[in-house]
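Going by the order they are written in, the chains are A, B, C and D; count residues from 1 in each one.
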Amino acid sequence: MSWYQRNKWWMVRVMRLPVDVFVFATLAFFLIRLLPGDPVSVALATINQPKTPELEHNLRIQMGLDGSVWDQLLRFWGNLLHGSLGTSLDTHLPVTREVLDRLPATIEIIMLGLGGAFVVTMVLGFLYIRFANEGLRRFIRLTTGFATSVPVFVVAIFGILVFYVILGWLPAPLGRVASGQSLPLVTGFPLLDEVLTGNFADLGQTLLRYVLPVGAMILTYTPNLLTQFVGGLDRELAQTATRFQVAAGASRQWIYFSVMRRSVSSVVVIFGLFFGSLIGGAVTIESLFGFGGLGQLGIRAVSTADFPTLQGFMIIIVVFCLVMFVAVDLVNMWLDPRRRPGVSSEES
Amino acid sequence: MAETHVSAVLLPRARAARTHFPWGGAAAAFLPLIVIVLVAVLAPLIAPHDPEKTVADTRLAPSGEFWFGTDSVGMDVFSRVVFGARIAVRFGITVAVCATAIGILVGTFIGLSERSRGIQSALGGALNRVSDYIVAIPDIILAIVVVGIMGASDLSLLIAIVLTLVQAPIKLTRMEVLRVRNEAYLEAAELGGESRARAAFVHVIPNSIGPAMRNMPLIFGNCVIILASLGFIGVGVNAPTPEWGYMISSGLSDLMLGEWWETVFPAVFVFLSVLGIAYSSRAIPRVWPRIAAAFSTPSKKRKNLA
Amino acid sequence: MAIDRMSVCYVTDDGTVPAVSDVSFRLSTSERLAIVGESGSGKSTLALALAGLLPRHVAEISCESARIGGRPVDLRADKSVIPRRREGVSMIFQDAMTSLDPVASISHQFRTVLKAGSGLGRAEARRAALNWTEKVGIHEPERVLRLRPYELSGGMRQRVMIALALCSAPKALIADEPTSALDASVSRKVMDLVLGLTQELGTALIMITHDVDLAREYTDRTLVLYRGEVQDLCATAELMSPERSSYTQALMRCVPRLGDHALDVLPTLTTSSLPVLETVP
Amino acid sequence: MSQEAFTLRLAGVRKDFGHRRRRITAVQPIELEVRSDSRLGVIGESGSGKSTLARMIVGLEKPTAGTIEFNGRPVVDWLSSRTGRLEYRRRVQYVAQDTSSSFDPRQTLFEAVATPLRFLCGVTDPHEVRSRLRRIADELALDPAMFGRRPHQLSGGQRQRFSLARALVVEPRLLICDEVVSALDVSVQGTVLNLIKSYVSRHGMGLVFVAHGLPAVSFISSELIVMKRGAVVERGNVAEVLAAPSHPYTRELLSAYSGPDPVSLEAAR
């Protein structure tokens, strides 16, 4: 097999991404325009000025809503090719910059929360198959009973109540660092920036302030991932493959590893799906802890009826979700080569 | 028999159906849902005060008169929390019914048009792709955008939430339809002279709506979550309406000062109702076959030839 | 191998369900035993219990005494979630595709078995794996070892499975319906291979099957199970003799045979002489 | 009861699966004739195209080339109109191997068996439906009380007998059986085979019996075709083929069943 043939599976998948992005952006364009209601009139309602036809016309041009739908689409496509999604009505900055400036901080907290949940899931899953202790197994099953997305901000509020209001162990939920200080800006990822600039005092502070939001995310999302994992483990344990491994005398470590590896792909899929829903969850967490990331931008855009920002905001977030889906697919194809495109198992 | 036993036992959730009618199990499964709906329906009877009026001093701690205390404008937190259930249930039921109905219809259409030819197939394929992309939009983000464009109103909230939550029943129904399409009984129906349309309505749809129907309580729960999250970030139901998420966020600054009741009680209610609904949505499918079996027994006797 | 009065009960929510009761048999080196029965007769359960594949939360096993390779063993199921292997007993299953780890390469699967079993090093394990793949009649063993199960044909998978089961040199090999998914002519080839290898290694063979013809062709003795109880244990050649139990006789009559086209009616298992067969539990 | 004669003729029928690059010929061009008194056995290993052949005859698959004619009229033609389809289905019925999914789990067996009667024979009078069902239950030795059950409440053998009832209730002229006993236990196989054989000979109807087990086929049919990789490698009278097989594959098949047969059937009784 040539190099190309061996590596075709992931290249094909990665190449599809730009197409997906383009199709989605177009879909979002139509979706937004198909909604009942007119963004221009919503925006007019928020502006305290006499409503003249001129004002309305100007607004329409600023929003890119003038002309026929096809004109708009052509203009939208043209801008998209230049990487431009319009200008914010509120700050008059390019929407892409507005969103991209805030995205790293949001992604950082999501990765910490979701990554933590993933690690906890793996550990509990291993304990689940390693030890026959009924109490432990029942505890793990019980945890999966809570598998529901109790809103993450509700969990965080209980955390604040206990650890800040009552016990006073953790700092107030008012930003990433103590008030009055500002964050260095290198890559946009706060923790990374603090490491890069050698600002270790701030790093400690930030880490301390991350305990509650990240803990709330782990608490909220672990049961969901664990449900998938334990379900997969139960299923794989009952499989003939596992029985045969035992019967043929494979080593214990290998059996544990093999069972976990075969069960993990559904967890990875859920991980990818949650990544998306967690951007939503992060919006609430950010607003609760005063972190000011994407959440702040979205709320501001709604309150000022900032149409271009809303449109760009959604498209960029979904592009990140699509990237995440590609990553999930690639990880799963790597874990299980049968999922690679063009592989079909021979019928016996 | 041996094989069935092994799989039945190794998979912990598959259990042997009991023969007697499971009143206890059914009641336990439905209880959380029933309690929530009852609180919502009977809210005017339960709540001692008007939820949207100032009835006392601001920020009173919980007492005999005001069980959950009063908030920053002197409204009774208990009454507001109880009426909050009303908003949640009203939205939840509307969304669950709409999303499931639409989802089943669209899902069946997509499932049946796959592998067929012509315009129907193209349309079904396009719908399927669109639904794939909408799944990629985080639910709260989609709601924010819809509300931002349409302006804040109950209708825009409803559209936003249905748009995100309808995707699950679409996918579930489609999967089932694709499975049912391959079942041998459809061939048998064709050989028995049944027309395609009749087979679709008599065999395909009844055999494929199960997962979507079982998903309904889950949609209810998710709707409560999204509604509360939107209220919390200030994009949801308008101000004085007693909505849990909004109540939580408006009490936050007081929470930091130790006046916890305004935030914590609605949070507890969100927590309990979401958990309760999740419990029901998991427990109902488990008891459902037994309930169905218990009800189908008489018809079995009636149809007997002997 | 000697088993005395072994019983297996499945543990369910509603109490235990007996699956196999009071089975006793002896098996000497290189002997071949067939366990014949219809579906639901408990033959697969018996096999799983013998191989130690029923964890304690699934089944209760009781046994008066059991010896494998002269040493007494405790047949009771292991407590861990993944059952522990019964020393000296290997097992192969009907479907090779689902039996092999779908995502690990063949060489890896050999290595895990060989390392655990005989503590071989990496290079030695590889040599042994090559040796074994050749032994089961696979050409180009080098290439096949690099592949994963889904890249093999059905016949190759079956061979790999047999090699994997035998490469730890077990004292007994249990074959659970090894060929019922295969066509008559292919299944003969597979059975010939299994037979040849077990004879060569001096491994006892226990074959679970519902195919009486196959049993007659490849085994010395037959144990007939019906609803978890032993109906007969005799030399396979004597299955047709009139001294056998009424169930065995009825079962033997049911097997359609070439030349039956001369008959008007096939003999059937009449429900009057036996407990009802067609009941769904 | 009509004893009308029929002829089913396959001329150059071929079936391919897949598209351009991965095209597999499931059935090589085949010539075949089935008459109202034929009892044709089709035998071959899995993947030999025997099931595809059966499915083409009933019209569940369309042949890639060649024609299948029933009473001189192409099957495609029969199936193109509603009335033609109903008439063809009334004459040619099919029973498949799969017993677990051949009945809609939501319907009682009564409804399942009555449906073809309603649609194909136009029997709508509930009284008449009942009497026809009782008659078929009688003929296939089914307990009429079981009509009230749902498919999952039956064992595999019982379900297969009900699929037979569903196919035979319309009194077809030709019955196609596709591996009807291969999923059943030996003890139940005999029952089903006997039912088919006795019913077919009693009603003087045609039978195409597809299976991979030589004994079952040789018991039930009078003529035999052997298929391998989509091609017919041997055909003829059952007794003749068994006595003197000409193709090596047939010999191989036969040898698989000629293990030591120490006691004759008479002695076993």
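The rule is short, and it goes like this: contacts are C-beta pairs under 8 Å (C-beta built on N, C-alpha and C of every residue); 3 or more make two chains touch, one makes a residue touch a chain.
Keep in mind that this is a model prediction, so the values were computed, not measured.
The most centrally placed chain, judged by C-alpha centroids, is B. Using CA-based centroids throughout, the chain positioned farthest away from chain A is D.
With centres taken as mean Cα positions, chain C sits 49 Å from chain A. Chain A and chain D have CA centres that are 56 Å apart.
Among the residues of chain C, those in touch with two or more other chains are 39, 48. Residues of chain D found to touch two or more other chains are absent.
The residues of chain B that reach two or more other chains are 6, 10, listed in rising order. Chain contact summary for the complex, chain B toward chain A: residues 6-7, 10-12, 129-130, 133-134, 136-142, 144-151, 155-156, 159, 221-222, 225, 228-229, 232-235, 245, 248-249, 252, 255-256, 258, 260, 263-264, 267, 270-271, 274-275, 277-279, 282. The touching residues of chain A, when paired with chain B in their complex, are 23-24, 27, 31-32, 35-37, 39, 41-42, 45, 141, 145-151, 153-154, 157-158, 160-161, 164-165, 172-173, 234-235, 237-238, 276-281, 283-284, 287-288, 295, 298-299, 301-303, 305-307, 310-311, 313-314, 317-318, 321-322, 325. Chain B makes touch with chain D in their complex at residues 183-185, 187-195, 202-203, 206-207, 296, 299-306. Those residues of chain D whose C-beta lies close enough to touch chain B in the complex are 58, 60, 82, 85-86, 89-90, 93-94, 96, 98, 101-106, 108, 110, 112, 115-116, 119-120, 130, 133-134, 137, 143-145, 147-150, 163, 166-167.
Per the touch definition, chain C reaches chain A in the complex via residues 48, 51-53, 55-57, 79-85, 89-93, 95-104, 109, 112-113, 115-117, 148, 150-155, 157-158, 161, 164-165, 167-168, 170, 174, 181.
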